[in-house]
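In the two complexes that follow, chain A is the common piece, with chain B as its partner first and chain C second.
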Partner chain A sequence: MSETVDARGLSCPQPVLLALAAMKKLDKGELTVLVDTDTSKENVLRAAASQGWQEAGVEEKAGSYQIRLSKG
Partner chain B sequence: MEEILAALPRQQHPDLLVGMETADDAGVYRLSSEIALIQTVDFFTPIVNDPYLFGQIAAANALSDVYAMGGRPLTAMNILCVSLKMVAKEDLAAILRGGIDKIHEAGALLVGGHSVEDQELKYGLSVTGIVHPDRILTNAGAQVGDSLILTKPLGTGVLATASKGRLASPAVEQQAADLMRTLNRIPDDVLASGTIHAATDITGFGFLGHALEMAKGSQVVLTVFASQVPVLAAALEFAAMGLIPAGSFANRRFCEHHLQVSSGVKPLLLDLLSDTQTNGGLLLAVAPAAAPHIVRRFQEEGLAATAIVGAVTAPGPGVIRVEP
Partner chain C sequence: MAAKGNFFATRLGMIVVGAVVGILAPVLEKLGNPGNMGICVACFDRDIAGGVGLHRAALVQYLRPEIIGFTLGAMVAAYLFKEFQPRAGSAPVVRFFLGVFAMIGALVFLGCPWRTLFRLAGGDGNAIFGLLGLVAGVYIGTLFFKAGYNLGRTQVTYSSVGWLLPLTMLGFLILMFIFPQIPDQGQSGILFYSVKGPGAQHAPLFISLAVGLGVGFICQRSRFCTMGAFRDLILFRQIHLFSGIVALLVAAFITNLILGQFKPGFENQPVAHTMELWNFAGMLLAGLAFALAGGCPGRQIFLAGEGDGDAAVFVLGMIVGAGFAHNFQLASSPKGVGEYGIAATIIGLLVCLGIGFTMQQKA
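Let's look at the complex of A and B:
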C-alpha cells in the first residue's frame, strides 16, 4: 500500500493529524507527506517515529518538503 | 523587534533602575530610597475556550512580571481589543470577571482600562507594583554556585496545540488552564530572606529562552538536568505525536548557539525545554543552602511541581548546558 497526503497550505496541527490518520489507515507500507513549513516537517517526523514508521527520505523543493515514510 | 528597540534613543536617569536595555520582565523606577515603582503590560488572544478562564489566565500572566521583579502588585488597568458584533456580551463580562478576580487574588485593585474596536479579541492588563529598591530581582543577579528552581511544569504550548487539534481530554485541558491561571507570587518570607539572587518568568521564549536571558544577563553558565525539570505527562505524549507549536521550534533555533546538549538527553525533553509557555513558572537562581526550603514553600503555596532543576556552574558569556 502506498499513499500521498498533501498537507501544504494547512496550519498546525492539521498536517500532523492528516499524516497520523493516514498511518493508521495504511497500517504499513509507504506513505508520502507533503508539507510547506519546517514546523510541520519536524512534527510529521516525530509523529512517524511514535507510530513505528521509518524515515525513507526528505526532499526540499520550492519551499515545500516531500517526506517519505515506510513501515514493513 | 530587538533590533527596532535598539534603534530608539538610549535613556539615562539616576532613578531608572531597570529600563528597556536588559530584556527584563518590567521597568523599575525609584520613587524614594524605600520605594521603587514597577510597571508592566501584557495582553494576548484567547488561548482557552472558556471566557472566564481566559480572563484569569491573561491577568495572572500580566501580574507575573511584577512578581518576577520581586515586587507586589498594587493597581491594574484592563486592556481590551474587541468587536461587540463578534463577541457575546456575557462572554465579555466573563473575561473581565476572570481578570478582576485574579487582580483581587493578587491583593491589587482594578482602577480603570481602555478598549479599542478590533476584529480579533485580545485582553490583558497594565500592572503597577512596588518593590524596595535594594531588593529588586532581575535576571542579572545569578551567582556561581546558585541552585536553579522552576516553579511550574513545562508543556502548556504543546497542550494548546493538542487542544487545537481536539486531542486533549477535558481533564488535561483543565490541568493546563489551572497551571496558567496560577499566580507566580513569591511567598513573603522567601522574598524577605534575601536568598533569591535572580528571577524571571517563563513565557513565550520557553524555559531555554528565558534561562538564556538569565545566563547572558548574569554572565554565567547554567547547567540544567533535563530529567529533573518538571513536565506535564500529557505534554510529553503529545510532543511525541508531533504536536509541537511553531514558536517552540523557533525558540530552539534562537538558543542553538548558546546551548551545549549532552548526548544522553532525551530529544522529547529538549522539545519541552523550548516549549513556548503562557504564564509559565518562575525560574529562580537561589543560594544553594536555602534551595530545599524555597522549593517546599512554593509547594506549600500550591505550586506542587516546584523543583531544583540545575545550578549556576561557572562564569561565562551566557551559556546553557543541558545534562540528562
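Let's look at the complex of A and C:
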C-alpha cells in the first residue's frame, strides 16, 4: 500500500509530524513525502531513519522534492 | 544518509556549529560586547530598534553588525548552495504579533534563548529560571502542534520578496558608514549611538560583522535553532538540534573559564535581574511564541536570509516589539521588571494561547 503526504509549503515541524503520522498509520510499505525545502527534506529523512524506514529515492522536480520511503 | 553533501546537517556538523558559536560569543564579549551578551539576537534586535530611534532608551541604541551579518551570511550560504527560495504567505500578521510578544517576553527576562545559554555559561544563575521558562513555553507549543496547530502553507513568490529584509539590513550597514559613531555623542546624523550602558559596549564594527557573516553562513547550512532543539527533543525524542546547543553551552563555558569571564552567582550579574518568577515567565512567553512561529530569533533571521518572507515579518515584529517594550516600560533592567512588564507578559501569554487554540486544522 502506498500513500503520499503533501507537506509542500509547510514549515517546521509540520512536514515531520505529517510524515511520522503516516509512517505510524502504515506501519510498513511505501510512503511518498513531498516537501519544498532542503531543511524539510533532511528532517523527513532523519525522522524516517529513526523509525526504520529506508530511503528509496529522492527526486527533485519543479522546486520540490519527492521523497520515497519504504519499510519491509 | 539524511545529509548527503551537507556536512553541517550531520550530527557532527551540528556539534561543530554549536561549538564555534559557543567560542565566538565570549570572544566578542572580550572584544567589547556586553557581559554574557557576546551574541543575543533579542537584545541586538532591540539595540537596532534603538539605533534607528524606534525607542529612545539611551542605554540600548546601536545598529548591531552581528544581526546584519547573520542575515547576509545566511543569504550568501543559501545562494551558494542553491537553497535561496523566496516564499511567503503563511499567516504573516500572526507571525508579526508572535515576533512582538516574543521580544517582549525576552526583554522581561533580558535575553533570547541564545543569551540564556551564554548567561548560564557565564555563571548567571538567574538564567536557570529563564531556561526553565523557555522549555515550558516550547512544551506548551508542542501540545498545540499535536492538537493540529498550523499557520498554513507558504507560496513560492518573487525573488525580490526574499531580498527585502537582507536589503534592509544592508541599508542599515550603509547608514553606519554614512553616519559613523562619534565618541561621546549620542547621535550621528539620523542614527542613535549609546554613550553608556550595554548599547555603548560593542566589539569593533568589522569584527562584529565578520563574526555575524560567518555565524549566519554556518547556521543557515546547519539549520541551528535553539527553540527547535527543545521542540524536537520533546516532540520527537530527537537530539539532532539539541546536540548543537549542548556543544554551544560547553564551548562557551570553557571559553569563559579561559578568558576569566566565568563568575558564578545570582546577584550583580551583567544585564540581568533576580526576580525568579519573571525570569521564568518572560521566557515562557518567548518560548511559546518562538515555538508557534517555528524558530528561535536566530533561526528566523537565517530563514529570512534564505528567502522566507514570513520569517522576515517575524524579525520585523521583534524589532517593533522592542520599540513598544522600551516606550511602554515593559522591558526589565538590572533593578527588576519594568513598570508594565508583568501586565504585558500576561497579555502576551493570552494572545499566544489564543493563537494556539484558534489556529488548528482538524485532520
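Everything below uses one rule, namely that the second predicted complex is superposed on the first by the 72 of 72 C-alpha atoms of A that agree within 3 Å, B and C clash if a C-alpha of one lies under 4 Å from a C-alpha of the other, contacts with A are read in each partner's own complex, and residues count from 1 in each chain.
By our rule, a residue touches a chain if its C-beta (ideal position, glycine included) is under 8 Å from a C-beta of that chain, and two chains touch if they have at least 3 such contacts.
Please read all numbers here as calculations on a predicted model, not as lab measurements.
Peer 1: With both structures lined up on chain A, is it a clash or a fit for chain B and chain C?
Peer 2: clash
Peer 1: On the A-aligned overlay, A:9 touches which partner chain: chain B = first, chain C = second, or both, or neither?
Peer 2: In the superposition, A:9 touches chain C alone.
Peer 1: Looking at A:17 after the superposition, I want to know if it touches chain B, chain C, both of them or none. Which is it: first, second, both, neither?
Peer 2: both
Peer 1: After superposition on the shared chain, which partner residues are touched by A:57: those of chain B (first), chain C (second), both, or neither?
Peer 2: In the superposition, A:57 contacts neither chain B nor chain C.
Peer 1: Once chain A of both complexes is superposed, is A:37 in touch with chain B (first), chain C (second), both, or neither?
Peer 2: A:37 sits against chain B and chain C alike.
Peer 1: Residues of chain A that sit at the chain B interface in one complex and at the chain C interface in the other, please.
Peer 2: Residues common to the chain A contacts of chain C and of chain B are 12-14, 16-17, 20, 37-39, 42, 45-47, 49-50, listed in rising order.
Peer 1: Which residues of chain C touch chain A in their complex?
Peer 2: Residues of chain C touching chain A: 1-3, 6, 9, 81, 83, 85, 87, 90, 145, 150-156, 223, 225, 228, 231-232, 235-236, 238, 240, 294-295, 308, 310.
Peer 1: Spell out the part of chain A that touches chain C in their complex, as residue ranges.
Peer 2: It is residues 8-14, 16-17, 20, 36-39, 42, 45-47, 49-50, 63 of chain A that touch chain C.
Peer 1: List the residues on chain B that touch chain A in their complex, please.
Peer 2: 161-162, 164-165, 167, 239-246, 249
Peer 1: Any idea which chain A residues touch chain B in the complex?
Peer 2: Interface residues on the chain A side: 12-14, 16-17, 19-20, 37-39, 42-50.
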